[in-house]
Amino acid sequence: MSNRDYNVESSDKKDAKYAYTFDYDVLHKYMHKAFTPHFKLPGNILELGCYEGRFTERLAKHFNDISCVEASSKSIEVAKIKIPHARFYLNTFEQVQLDKKYENIVMTHVLEHVDDPVAILKRVNDEWLTDDGYFFLVCPNANAPSRQIAVKMGIISHNSAVTAAEEEHGHRITYSLDTLERDATKAGLEVAHRSGIFFKALANFQWDKLLQTDIVSPEYLDGCFKLGQQYPDLCSSIFLLCKKGKR
Amino acid sequence: MSNRDYNVESSDKKDAKYAYTFDYDVLHKYMHKAFTPHFKLPGNILELGCYEGRFTERLAKHFNDISCVEASSKSIEVAKIKIPHARFYLNTFEQVQLDKKYENIVMTHVLEHVDDPVAILKRVNDEWLTDDGYFFLVCPNANAPSRQIAVKMGIISHNSAVTAAEEEHGHRITYSLDTLERDATKAGLEVAHRSGIFFKALANFQWDKLLQTDIVSPEYLDGCFKLGQQYPDLCSSIFLLCKKGKR
Amino acid sequence: MSNRDYNVESSDKKDAKYAYTFDYDVLHKYMHKAFTPHFKLPGNILELGCYEGRFTERLAKHFNDISCVEASSKSIEVAKIKIPHARFYLNTFEQVQLDKKYENIVMTHVLEHVDDPVAILKRVNDEWLTDDGYFFLVCPNANAPSRQIAVKMGIISHNSAVTAAEEEHGHRITYSLDTLERDATKAGLEVAHRSGIFFKALANFQWDKLLQTDIVSPEYLDGCFKLGQQYPDLCSSIFLLCKKGKR
Amino acid sequence: MSNRDYNVESSDKKDAKYAYTFDYDVLHKYMHKAFTPHFKLPGNILELGCYEGRFTERLAKHFNDISCVEASSKSIEVAKIKIPHARFYLNTFEQVQLDKKYENIVMTHVLEHVDDPVAILKRVNDEWLTDDGYFFLVCPNANAPSRQIAVKMGIISHNSAVTAAEEEHGHRITYSLDTLERDATKAGLEVAHRSGIFFKALANFQWDKLLQTDIVSPEYLDGCFKLGQQYPDLCSSIFLLCKKGKR
């Protein structure tokens, strides 16, 4: 872990951006929508891996007491400007020391970057989550139709492969609902609900082009979100709502 | 509606019971488990169609302030003994007058019995649900694998058919996720989450026999519940978590 | 049946075309690809509802002995030019008299237009199909994701609804795998295989726009076809491969 | 490969049988049913891994010219008695030399045992399959509901894990539709159709007990087979119908 350069990992590469318009405008919007009914309010929130604070801005609509842990200093600089009242920890999840517990913890598209995911999830469960708090865990889905189609095209070896572009951005694993729940459970967390976010048949780069046309409407996007709840395994991302496990 | 005999409809028939061991011991348990993370607490609860109070007993673990509307007098007599502190309205959903609003309203395996479902859902939305309350709506699923298999066997004409036995028990429609959401939306409700309860490949009568053997363990049942959340369309029942719609 | 004007029904309407570029360039291509491994060769073929002969042209690559039944005279005029060696019957499926049996019979996106589908399927089974022939039956799928999304958008009432535009084009029913098999079985046919054609998350009009951009490649389309075989219920069209039923 | 003892691997273990009643009476029956429409007739057939000849017996109903390759001498001894007219090669897939090509090649629940699956599939494609022959490739499915439920129960680590019992029986990998197609394609084969065999919500040992009760009927089993074709990813086994790839 010690020799990872998080500033480099989180920068765009020649063939693959670190974050797409699709991520910001579509996926963030619908993760926010999926989380909202479950937020423990009133309460505080911890975001693990806030990157440049774009999702944090959405969380700030519900929470005053926000803490963020982020290992890239460049990212925190950007994030600070957006959410000045949040508390930022420039540190790795392995090293950071937090002085309180949280009713809400979110970790979106981050766990797949981590060297020892179970160890981090253990810290969430044992140190950071309150007894009746919720942990919102979201990862890209190995079985997203867009990805399955890329596998059929021969571009990606198999659904749960880590592609070269993903590796360059620091991905260590590509989760599906079974492997994500395995790691959450190993860490002692209890999965209260399994779901998925956004039925997705096109790749990020296709979505980014498509969003510049009039082919899809906001209502169509809403429809993909709603349909995604009926087919969690066919979503862009998978979502586990977790509670602190009983010992 | 006027000439329906709810006491007769809710009694067992020669070829099909009104309620199975599977319903009570499996489905009730897992509906309860699926609802729990969403309960608005503290708060009151209204159960529409409590039958003999078996599910009400489970709700009573969370709520003191419980009201039940039920059209069968025989059923209420049984239910009263189980949950003496609940308030019972012996009336139809069409006629009943309630003097307050509820933070939580549950309606499980009832809407498919009703003559004008949209009208009843409208009352839920317009009259009975608080502004930030939740309505827990569960119906048997036309697309349950057990049912799809029966369709392939030629026993049931098509997934959403109402069988003769169902008709005798007062069913008017067999819902799937699309038709249930259609009616909820028509009534003005807003669907916050779509889910399913219990991955189910065997019919009720098969489950009742199976539960008397050692072929399935409680852990296996838990597994079917968990898997069901990943395949809502392949569950025994479908579950919409609804909010009061914005006007 | 007598008073239907098939020339009118098969013309484009203001809001909905009768056939899209998607139909011709994508769906036809992949139906052809899906049928090919099953063709009984050598053998003859009967196409029920050839419209303007666009799919017939693809069949002509495999078969010399081709017969087509079509109720629209305008359509036959166009089709004749394309496949001069085919035999055309200008007639309804109800009235037509054919003087031989066929090893291969195809009916694609036609059964949903017919007044009494079981009666027509009965003629296929009893009169037209050889003892070891194959009947290739394809219909639009009520559960196509594109359609399910439209339902979630509130544009279509429920998955199996017949929309106003579909009604204008003569649709009587919208099939899903359960109802299509029900009608095939009622008619005495035996379903040898159930499949689907083309995983489809966008509507026809969206596809037609998309096909004019560089957002999707031919390889992506191939991927949607391949993935569709793994998710028949999520395909643009559903496909039953039928044999003559045993009596 | 050299030091594997195929007689030992193919014997029952304390906690897991090598073959279950379910395998013989249910899975074999339905694989046979799934293959039949695709058999190239007239033609010869090669079975790779015939074990004790139970599936070979079913193939013998269609084919006179049958060859079997099998590395366990004990198994061949048993198989020989059942299908005396077949030609048996006691050898590994790596070493065996065959003197002709085959119109039909079947390999069921075998590839997951092989040390270098792509190398074996290459021999199928390059040496053994005729130009227009079919290769019937079936493997146990990582995503079978019964297995997914076991994963949720914590008995199996994740869907595609190789369990200890599977390892003892010589399994090297647990395939799903994406990884199986990846290996077939790598070997040069062309996948003509993707399917699944038998919708399966109960484990083998549960099925073996269940088959001794009156809870499930033969018609119910047929229904599970039919439904499986609609949900290939939720089947007991996955099935790729392959052709020789074009070079």
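Letters A, B, C and D mark the chains as written, and numbering starts fresh at 1 in each.
Heads up, the rule we're going with is that a contact is a pair of C-beta atoms (placed from the backbone, for glycine too) under 8 Å apart; a residue touches a chain by one contact, two chains touch by 3 or more.
The shown structure was predicted, so the numbers you read here are calculated from the model rather than taken from an experiment.
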Same or different residue numbers at the chain C/chain D copy interface, by half rule: same
Gap in Å, rounded to a whole number, between the CA centres of chain D and chain C: 34
Interchain centroid distance [CA atoms averaged], chain A/chain C, Å: 42
Per-residue overlap in chain B, given as positions that touch at least 2 other chains: 148, 151-152, 181, 226, 230
Touch-based graph of the chains, sorted into line, ring, star, complete or other: complete
Residues on chain D engaged by chain A in the complex (per definition of touch): 148, 151-152, 154, 157-160, 176, 178-179, 181-182, 185
Chain D-facing residues of chain C, complex: 37-38, 177, 181, 191-195, 226, 229-233, 241, 243
Chain D-facing residues of chain B, complex: 145, 148-153, 199, 201-202, 206, 209-210, 213-216, 219-220, 222-224, 226-227, 230, 234
